[in-house]
Structure formats: structure tokens, C-alpha cells
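What follows is a set of structures for review.
Common to both upcoming complexes is chain A, partnered first by chain B, then by chain C.
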Partner chain A sequence: MDTSENRRYWIDYQKEIADDHFFYVRSCIRQSFFPGSEQFFLKMMREILGKDVYENPSHTTCTGIGYHTDIVPFETIMTVIARHFALMKEAGYSNIAISCVTSFGIYTEIIETWKHFPETLEKTRENLYKATGREFDVPENMAHTSDIVYKFRNEIASKAKYRLINRHTGKPLKVVEHIGCHYSKMFPKYGVGGAEFPKVLSGMIEAWGGEVIDYPERRHCCGFGFRQYIVQANRGYSLSNSVKKFESMKPYRPDFIITNCPGCNMFMDRWQYAMREMEGKTYGENGLAIPVLTYEEVAGLVLGINPWELGLQYHMVQSEPLLDKLGIEYDPAEKYITKDGNPIPAPENLVNIS
Partner chain B sequence: MESLYDQLMKDVRFVEGLKACLNCGVCTAICPAAEFYNYDPRKILNEVQKKNDETIEALLKSETIWYCGECMSCKTRCPRGNTPGLVIMALRALSQKLGYFTESEKGRQQFAIKRTVGENIFKYGYCVATYAVKPELHPEQGPVWEFIINHSREIYERLGSKYDELGEGPMRKIPEDAREELRRIFDVTGGTSFMNLIEEHSKRKAEELGYQTGEGTNSEYFIKVYTENSGKHNQKEP
Partner chain C sequence: MGKVVVIGGGVSGLEAAGQLARMGYRVTVTEKEDKTGGNVKNWYHLFPDRRDSKEIIEYLNKLTDHPDIQILTGKEITEISSDNGKFNVKSSDGTILEADAVVVATGFELFDSRRKEEYGYGIYDNVITSADLERMFRSGEVRLVNGKVPERAGFIHCVGSRDEKVGNYYCSKLCCVTAVKQAIEIQEKIPSLKTFCFYMDMRMGGAYYEELYREAQEKYGITFIRGKVSEISVNINGRLVVKAEDTLAGRPLRMELDMVVLMVGTEMPEGNLKLAALSSLKCGENRFFKPADNHFGSNLSGRKGIFYAGCCVAPMNITESISHARAAVSEVVNYLKTK
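Let's look at the complex of A and B:
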């Protein structure tokens, strides 16, 4: 944390992020839709940055999607989270690294609730012990995994093979950064830059050579809305909010979108497909859609990792136009293969593939 | 009998979410739900503050409390530190506890959520899992999703996953003892009985409307509540 005199004004917007020894908790959505991102985070932390990250296979869902669709009571989710803290305590860790923004928001909400209503902390201890015989401590340091990548952004830049520069023009790539609402809109002090000046993704983009786009609906929700997506009858809400963002960012000609939230990433990817199918509309240049990447995928690309090992081919909007701008070489024949190299028949009608 | 307002006050989210509203309407201005639905969080806070049982009961039976997407953008902006999103969560919890949610089209959807996300939690130990996101219920996921479903094991293995097997990694199978602990947590904290209540109230409503509830997503009532849309949710009331 920078506490020098000239930075004092910004002290409320800075965040202390642990340097090493993390207890890692996965995301239901990310491991289903973007499993390559979580895997690359672990590989980068352990093998490239030399950090200790521990994963416990007994870690379950935080039940966050159930909580925010209102079928899981608050007392229940508080106890599920307490069990995760117990697993962390038992493994000898005190720094938690959370992959999901919904989970991250829930952890912040619960810790703040325990501070405002201490009786709920006592009740949670009692509930957890009764249900599982376990005891827990509140983490000393709580980071979203994008916080951790932000912390090591300059180290990643120093090892980078590629920069976020358009090799045809020599100019920085123009990037839309989209931060999940639950990262810092609820409890700004837990986010890098708070809710007003969130720096977590823009800091990465700037460190890796790109240019961040500031557009009118930059902080608007992606439109997940939990029940508003999960129930088919409500999906107009979800799609409409994403479209509002796409329409707003389009004039700035983004080369790609980077997100730190599982839902946002999936929706901004899938709704571009839906809009192409429903109305023949695309939001990128030359009739293309805008690739939507996770921060781990972007880190992996700048570090020179094979895009197909990161799992970029499992988005609906394909990334080849972006890879070409970056000058990244890739083998189309390796795109859809098994781990032993046997081909799998490619899916059809993807976006950005002629 | 305890008033509805007093019942709401037992929920810490309600206490935290409603301090003193000055009716400025900033929450409504920033709300993604207010943009596309006939929804006004300012008005809801105003109505709740009346502490009138009749007004609160009408809210608990209404469509309007189900429009919020719980993005919590309202929390950042309220100049008085209120969180309309938390008030909504408390209203939804009470509406389900009392069975009032079955009185609205949007409220009835809780049955579909319980039958999908709710049952996933117990079956798999995940809220969402690849094998539980059926392409026929999610056309917007596109052909890549159908491809992933058809080749799951090969795809996840290439990315370093222990797909549906014990051990570390994405899409690992959650061990039975961990799922059992999750079940016990739900039992001890009222999570199980809450989901049973959703099921019971929904069955009563389904029977009244002449639909069978079946098992899982294989049910007439599931399809009804999952797909039904009057098309009037963005229209101003007369």
C-alpha cells in the first residue's frame, strides 16, 4: 500500500493484498464455463510467480447463486461460508483468494454483517459447530483473484512476450474493462480503487500496454440479475442491460472486453451471439463481435501461453481477430483436440468465424 | 399476532437496508431493473416505511418485489446509507415464508429456481455445474455449449480438470462427506425447511391451477412458471 504524503488523499481507495500463501476457493460458474482461467491462475501463481496456493477438494459452492435468487436463507449461507473459513483454518492459512465475484461480495457482506450484528457471528459459530463440529477464524486478508493479478501486474509485464499493442498500427489496443457489481459496489473498501475509481482491471491493461476506454455506461450492470437470467421468462432484463452497454461502448471501437466476474464474462459473450441471431447486430469493427476475456486469459496471452490451452475456443465469440492484432501465432488444428492430441469435430456457427 | 413490519425487522438485512429514506430517488435512477421494468425502488421503501400491514401484505403478494436483480448498485449511491436491494431480499424471504409468493407470476418462479439451483446444491455441491445447464433450457448459450456438453470429459481434461472425479481441480466431484456437511448446515440453519416451504406452497398453487408438479424440471408447473410472461411487466399500472 502506498502511504506516501502525496497519496494520502487516495488512502481510502487502496487495498492491502497479501503477497503469498493463499487458500483458493473456486467459482461454480467459472469452473463450468471458463475452466482454463482458473487453471491458468493456479499455474501462473505457482510456476511463474512462485507463490503458494492451496486448494481443498472439500470446498463446496458458497450457495451464492441460491442466496441471490432468494431460495437460501442468510443464516444458511453465513454458515456455509463459515465452513470454508474452517477448512482454511484447518489447513493453516489466513489469506483467502476468491475466484468468483458473487462469492467475493457475499464474503464481504457476511464479514460486515458479523461486525454490525455481533450476535450473528456467535450464532454462526454455534450453527457450524452443531452441523459439522468445525470451528473457524475470519481471514486476515481477503482478496478476489483479480486483486492478486493486479498486485503482480508489473511482474507479469516484466515477463511478457506480447504487449497489448496492435501490431498493424503500433497503437495500444482499446479495451473495455467491466467489473462485476458485487466486487466493490456494496463494500467499496474491499475493492482496489473502491466503487468510484476501480483500478483492478484498468491497472492490468495499462501495465500490459493497452488503453482503457471510458464510455458512458462503463459502470452499468451486465444484466445478470440472478433470477432475471436463471428463469427463461425474465431473460429480456438480462439481454437488455447488456445491449445498453454494447450500444454505449460501440462508438469507441473496443478491440476486446476484459472482466473479473464469472457472470459478466459469460453474458457479455453469449448475448453478443443472441443479438447476432435475433437482430443481425454486432458491436465490434467490420461486422465482428467483441471478444470477451477473463483477466487470466489476458495475462496468459501476454505471457505467451497457447490460447487453446487457456480455453479461448470455448467462448461463443472467437478471439482469432484479436490474436492476429496481437501477433500471437496459433495452430488452428490444435483448437479442438483432446489432451492426447486427437481431434474433436469443431462446433459450428460460432461468432467471428467465417 | 406479530405485525408484518415486526417480522421484517427480525431480518438483519432489513434493519441494515432501511435506515431513513429521504425519497430522493437516486436508487431508482441507477437501477437496471427500473430501466426495463415498471419498477421503482424509491416507492417500495416509501411504502414499507408506512409500517402498515395491509400495504406490506400487498407488496408481499405483488409482482414488483421480484423485479430487482440484486446488483446492489443502489447501495453505492444512497446518500443515507440505505440499501433497497437488501429490503427487497427481506421482503422476498417473508413472502416465501408466508406463501404469498404464489400470488404473482414472477413470485411463482421461485419454484423453478428451487427445482434447478436449489436441487443442484444438494445433488452436486455446486449451484451451477456444466452437466446441470441443459442446452434446451438455455438456447442463448449457443452451439459452443452444446459442443461442451457433448464432449465434456475431453474438453475439461485438456484444461487440467478432474471432471466429475474426486480430487482438486475444476468440475471435480464434491466428496459425499462434504455434501453431507452442506446438507446438515441446511438442516440446522433452516435452509432445508425453507426450500420445503417453497415446494409445499407451490404444490398447493399448482393444484389450484390444475398443473402437476412432478420431479425436477420434468413437470408441467415447472415449464409454466419458467416460461410464462404476461408481457405487461414494463407497463405502468392503470
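Let's look at the complex of A and C:
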């Protein structure tokens, strides 16, 4: 692969990302399964990068999963999104920061619909006003939170305590980057680097010292896919897609996977457990599975944040082998205790724990 | 008699200029590139008879080697204006050429394959275009970037043609037969090569095209697969991995290849769209210049005294381009005689 200036698209698809003053909307999946990632995003933005991020507790699900399973009609979801915009307007913000890739896809689809069919925008204004008495503005700037971390990747690198270097070999860690399909495959212009050669995660990895792997099934779906997973009868299809990806990346011996989508992270993590249980197969080095991290978790690790504060213990595939490669110290005794010091039950059958 | 400016020094432009000069008109040909010859000068052999393109260039040079023909290279025309039946043809360097009639023969440009990002042109080694392959043919060697002889090659038809995603609905018409010709040619150079062509439809609509297609299959063993390639990537051995759908077998397909050739389509050059806008010339849905009438006025622009020749109105092969240019000359002569 040509790693020089020929990666023209990664220059072409540069989007404008606001510098400060964000209205933050959370992800249903992330705050349930990887709560440390969203928590650390807010902490990093506010305390490390000194940015203003506002979060309104009244914001709701975007209803994206309901929309993609044909339960929520388009007119309804447009009104739900319009309500989020109304909360943003009322708080005096105009830059929206979206934590979830499914939501991000929903927001982009709705904004594009409003651009091309202005009557749908007017109808949504009417629906929202009738339902809630609220009014809204379309955001001036819309970014996925991975876009924002990408924007500040060099600043994060300048504050980093660790680089993505294997301390045993001195070589860059080999990283699989995986963007969610709804991040840019529907509207490439809204993603940093577009859909085919996305830069948003690879840019972070390069800035933090790692090496991105380009493997044949790099663009392939993680296996989530609403129809593949939510329809129970299709779950074998979901798993087979994940297997295809892991088989394809295995020869490259990746040290970890970085994702920007809640569904991708969950499925690439959880299905490795399923593959081990069903087939006895793992895809990392030395019989281990491959840790699947969010971009906030990776940013947190390079910044020297305690891995348990980042919530790495909430994945099925455990990251201790990766932490050892990075030279990050951790206290196993702190792994399953609350912030107040109370013990919590340790999950069973975790992957990468001997 | 009168003076005619021909915009474009490709096949149609030079043919029109030569024929006009033969009839006693003074002609100025403008060419935006440093050399005349248009796209054909970048090709090695032509379909269907494998004529060396140098013969076409030699013919055109000989035809236009005439005292009444002035050829100005490196001159891009930006606007055609008129005043009392006289035309002012303006170029980007600020010069203005006066004319009694103008022939627009601005041709086409090849689709920029980098726009089909999923094929990785400019990113993956050994993903090349049909134009790149012609250059290899001319150099005498077809090799991979590492200098090795390819063992398996694939041709992807319709790159930038019949493709809603890139905004080109039309068929570029020349690429199917070019793929067949190039597949035969590469097979001749590397007899051990296994060659695959991925196509939507085989549009073998010209004289002897079908025969060439049959020969490719029967004599050279080239495999034709009906189905578009969805993406190209590279595996750990550096080999290209092609994903496609075989629509005849009704199943997805994945194969490893050493080299992939993208059969690039034709497009209206960006500069011509500006020329059209500034000169009140209409463009069709395919963005090429729109003739006044598809049947009886394919050389007429709709502005009296401005005529079209060749691929500036639609994709054409060399034979058609020459015929269209000669027809344009006939229209120019009629116009100047009755003016």
C-alpha cells in the first residue's frame, strides 16, 4: 500500500469541526456498555483540553435503533432529533457533538433530507411545536465525537505519557481501525477521510505512534447490522461477518482494534468470546484475542489515565496484554471496585485472562 | 472564402482543419496541450484491427501540413463571442482570434479513476488504468511495480461510465472493445497470464467488435465475468483482492489478482463546461455539448456559425470522429457560402 502523499482522499474529505462550545448527545449503547468512554470524553474535553461541553439531562435516545427496525417512522425520528436541536438552541449552543455513530448517521440523514426537501423541515418544525411548544435551529456545526478527538489528536499527542509503541520490541503497535458504517458510508462528505479510506481513526493512531493495518476486509461490516442482529434468526449471519473480518486481519497480528461506533465495538468484542466458545478460536498473537477499544479509551491510555477509570474491564476481551506492551502500570486489585472503593462482582469467562 | 477557427487539435479538429484547408479556407487550430493529437496519441494500438495509433497521427499531421493551416498549441479557449457575424475566440492567455466560423472539436478527457475510491487507484500498486496499460504496451513491457511478470490480471469495465454514483449515466462506448483488445494484447505479451474481464454488458456494437470478442474467448481463453467489482484491497502478500458479484452464477466472488486495469470512461472536460457557459452553448444531460438536433443537426450548435465535430458531443471512435468532422466541414462550407 502506498503510504505517501498519494492518499489524496484523506486530504479531500476534510470536514470542518468546531473548536469549542459543544452540545453533547450520548449514545444508548455506549453509556450502558462502555460508560467509561463517554465519561472520559467529557473529562478530557473539559479538564485536559479546556473545552466547553454542555450536556442536557433531558435529551433522549435518538430512536435510531427503532428507526432502523421499522418501529419508529421517519417523521417521528425527525421530530425527536428536532427536539434535541431545540434543547441545544435553548442552551445557547450551535455545535453538536454526537457520541453514537448510529445517531450520527441519523442526524446526517435528517439534515440532508431537510436540505433536499425543505418541506420536511417545515413539517418537522410544525410537529415539534405542536408536541412541545419548542423551536429549533439546524446546528452550525455537526461532528461525531471521534471527529473532535481527531481534531485534537496532536494536542493529545503533545500531552501523552505513552506512545503506541511496543516497549519490548520498540516497534509501533499494529492497529486495526474500524469505522462504523453509518459514520461515512451513507454520506462520505460528513466523515474525515470519507468512506473508503477514512482518516478519523487512522489519523489518531498515526499521531499517537501506532501503525495502521490495511487488510482485505477492512471495509467490511463488523457484523452488527441492525437486521443481522436484532432479528434473532439472522444472528448467525452477524457472527459469520465478524468471523470473515477476523480471519482477514489475523495474518497481520494486530495488537488491538480501535472503533468509533458503539455497535462495532460491542460486537467485535463480544463475538470474539462467542468464537472462542463455539470454535475454540482466537485471532490475536499467542492464542489471545484482540482487545477492542474505543478512541476515548485509546486517548486515555496514551494520556496515562488509569485503565480501570477508562472502563477497560467492561469489555469481554481484556486488555492486560496490551497494557503490558505499552508499559502501562495497573493495579489488578482495583479492577472491580467502585469509585468509592466498594467491590463489584467480577464477570466470569472473560477473554485474555489466564 | 473565409477564416475558420477550429478549437481542439485532436482527431476531429485536425481532420476538420485539413478538409477545410483543402477547400480553400484559412484555418487556425488551437490546442490546449503542447502537442496535437488528442487522446489518440496516448494510445498504442487501436481497435478493432490493432492499427498503431502513430499511423493516425501521421495521417493527421500530413493532412494538416498545409500553408493555410496555422496550429497554435498551449492555447486553451475560454469564450466565443460574436459581433455582426464575426467571431472572437478568446484564449486563457488573453489573445483573441477572429473568425468567420468556429468548429468546436474539444473532444473528451478520461475519467479520473481516483474518484472510484473503492478501486484504490493511486493508492494500491498495480491498480492501473487502460491508458496506463497503453503506455506499458508502447514501452514494450507489462510488469508489476516490483518488476515481476503478472500471473493473473483483471479488467474492470465501466469505470466512470453508466455509474450513477459518479454522476455519469451514459455509456462511454469505447471501453468494452478496448478491454477486449487490451486483454488480447496483454495475453499475447504474457501467454501464461490468466485474464478476467468484469463487465455489466458487453457492448460490441461496432464493425468487427463481436468477432474480436469471440476471438478473445476462443483463441486466447480470456474469462468474461458478468458483474461489477465492488472493491479492491491488498492482502498480506501484496496481491490485489477483488470482490465482485457473478450475476450469471448468482453469487458473490472474491479472487486474487496481480494487476487490475480500470477501463476508464470518457467525460466532458471541465474547461469545456466553462466555455459552454460563457459562449451560450448548451450542454446535454451527459454534460457534453448538446447538438441542435440528434438526427439532422448533430454538427450544429444552435448558434449560427459555431459547429461541433467529434467527441465533444458524445463518445465516438476514431472512424466516427473523422466522419463527424467531415460532416461538420460540410456544414461550415454551406454556412460560409450562404452567409
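By our rule, the second predicted complex is superposed on the first by the 339 of 354 C-alpha atoms of A that agree within 3 Å, B and C clash if a C-alpha of one lies under 4 Å from a C-alpha of the other, contacts with A are read in each partner's own complex, and residues count from 1 in each chain.
Quick note on the criterion: a contact is a pair of C-beta atoms (placed from the backbone, for glycine too) under 8 Å apart; a residue touches a chain by one contact, two chains touch by 3 or more.
A quick note: this is a predicted structure, and the numbers were derived from the prediction, not measured.
Participant: When the two structures are overlaid on chain A, which partner does A:Asp214 contact: first (chain B), second (chain C), both, or neither?
Facilitator: In the superposition, A:Asp214 touches chain C alone.
Participant: When the two structures are overlaid on chain A, which partner does A:Ala195 contact: first (chain B), second (chain C), both, or neither?
Facilitator: A:Ala195 sits against chain B and chain C alike.
Participant: On chain A, which partner touches more residues: chain B or chain C?
Facilitator: Residues of chain A touched, chain B against chain C: more for B.
Participant: I'd like to know which partner A:Tyr252 touches here: chain B for first, chain C for second, both or neither.
Facilitator: Touch partner of A:Tyr252: chain C, not chain B.
Participant: Quick check on the output: what are the common chain A residues between the chain B footprint and the chain C footprint?
Facilitator: Comparing the two interfaces on chain A, one with chain B and one with chain C, the shared residues are 195, 219.
Participant: Quick one: which bits of chain C touch chain A in the complex? Just the residue numbers, please.
Facilitator: Residues in contact with chain A: 114, 117-118, 120, 122-125, 231, 233-236, 241.
Participant: Applying the document's contact rule, which stretches of chain A touch chain C when the two form their complex?
Facilitator: 1-2, 6-9, 194-197, 214-219, 251-252
Participant: Once bound in the complex, which stretches of chain B touch chain A?
Facilitator: Interface residues on chain B, with respect to chain A: 11-13, 15-16, 32-33, 35-37, 66, 68-73, 75-76, 83, 89, 92-93, 96, 106, 109-110, 112-114, 116-118, 121, 125-130, 133, 137, 140-144, 146-148, 151, 154-161, 166-172, 174-175, 177-179, 181-182, 184-191, 194-195, 198, 225-229.
Participant: For the complex, give me every residue of chain A touching chain B.
Facilitator: 26, 28-32, 35-36, 38-39, 55, 57-61, 63-66, 68-76, 78-80, 83, 105, 113, 116-117, 120, 127-128, 130-132, 181-182, 185-186, 188, 195, 219-221, 223-228, 230-237, 239-241, 244, 270-271, 273-274, 309, 311, 314-316, 337-339, 344, 346-351
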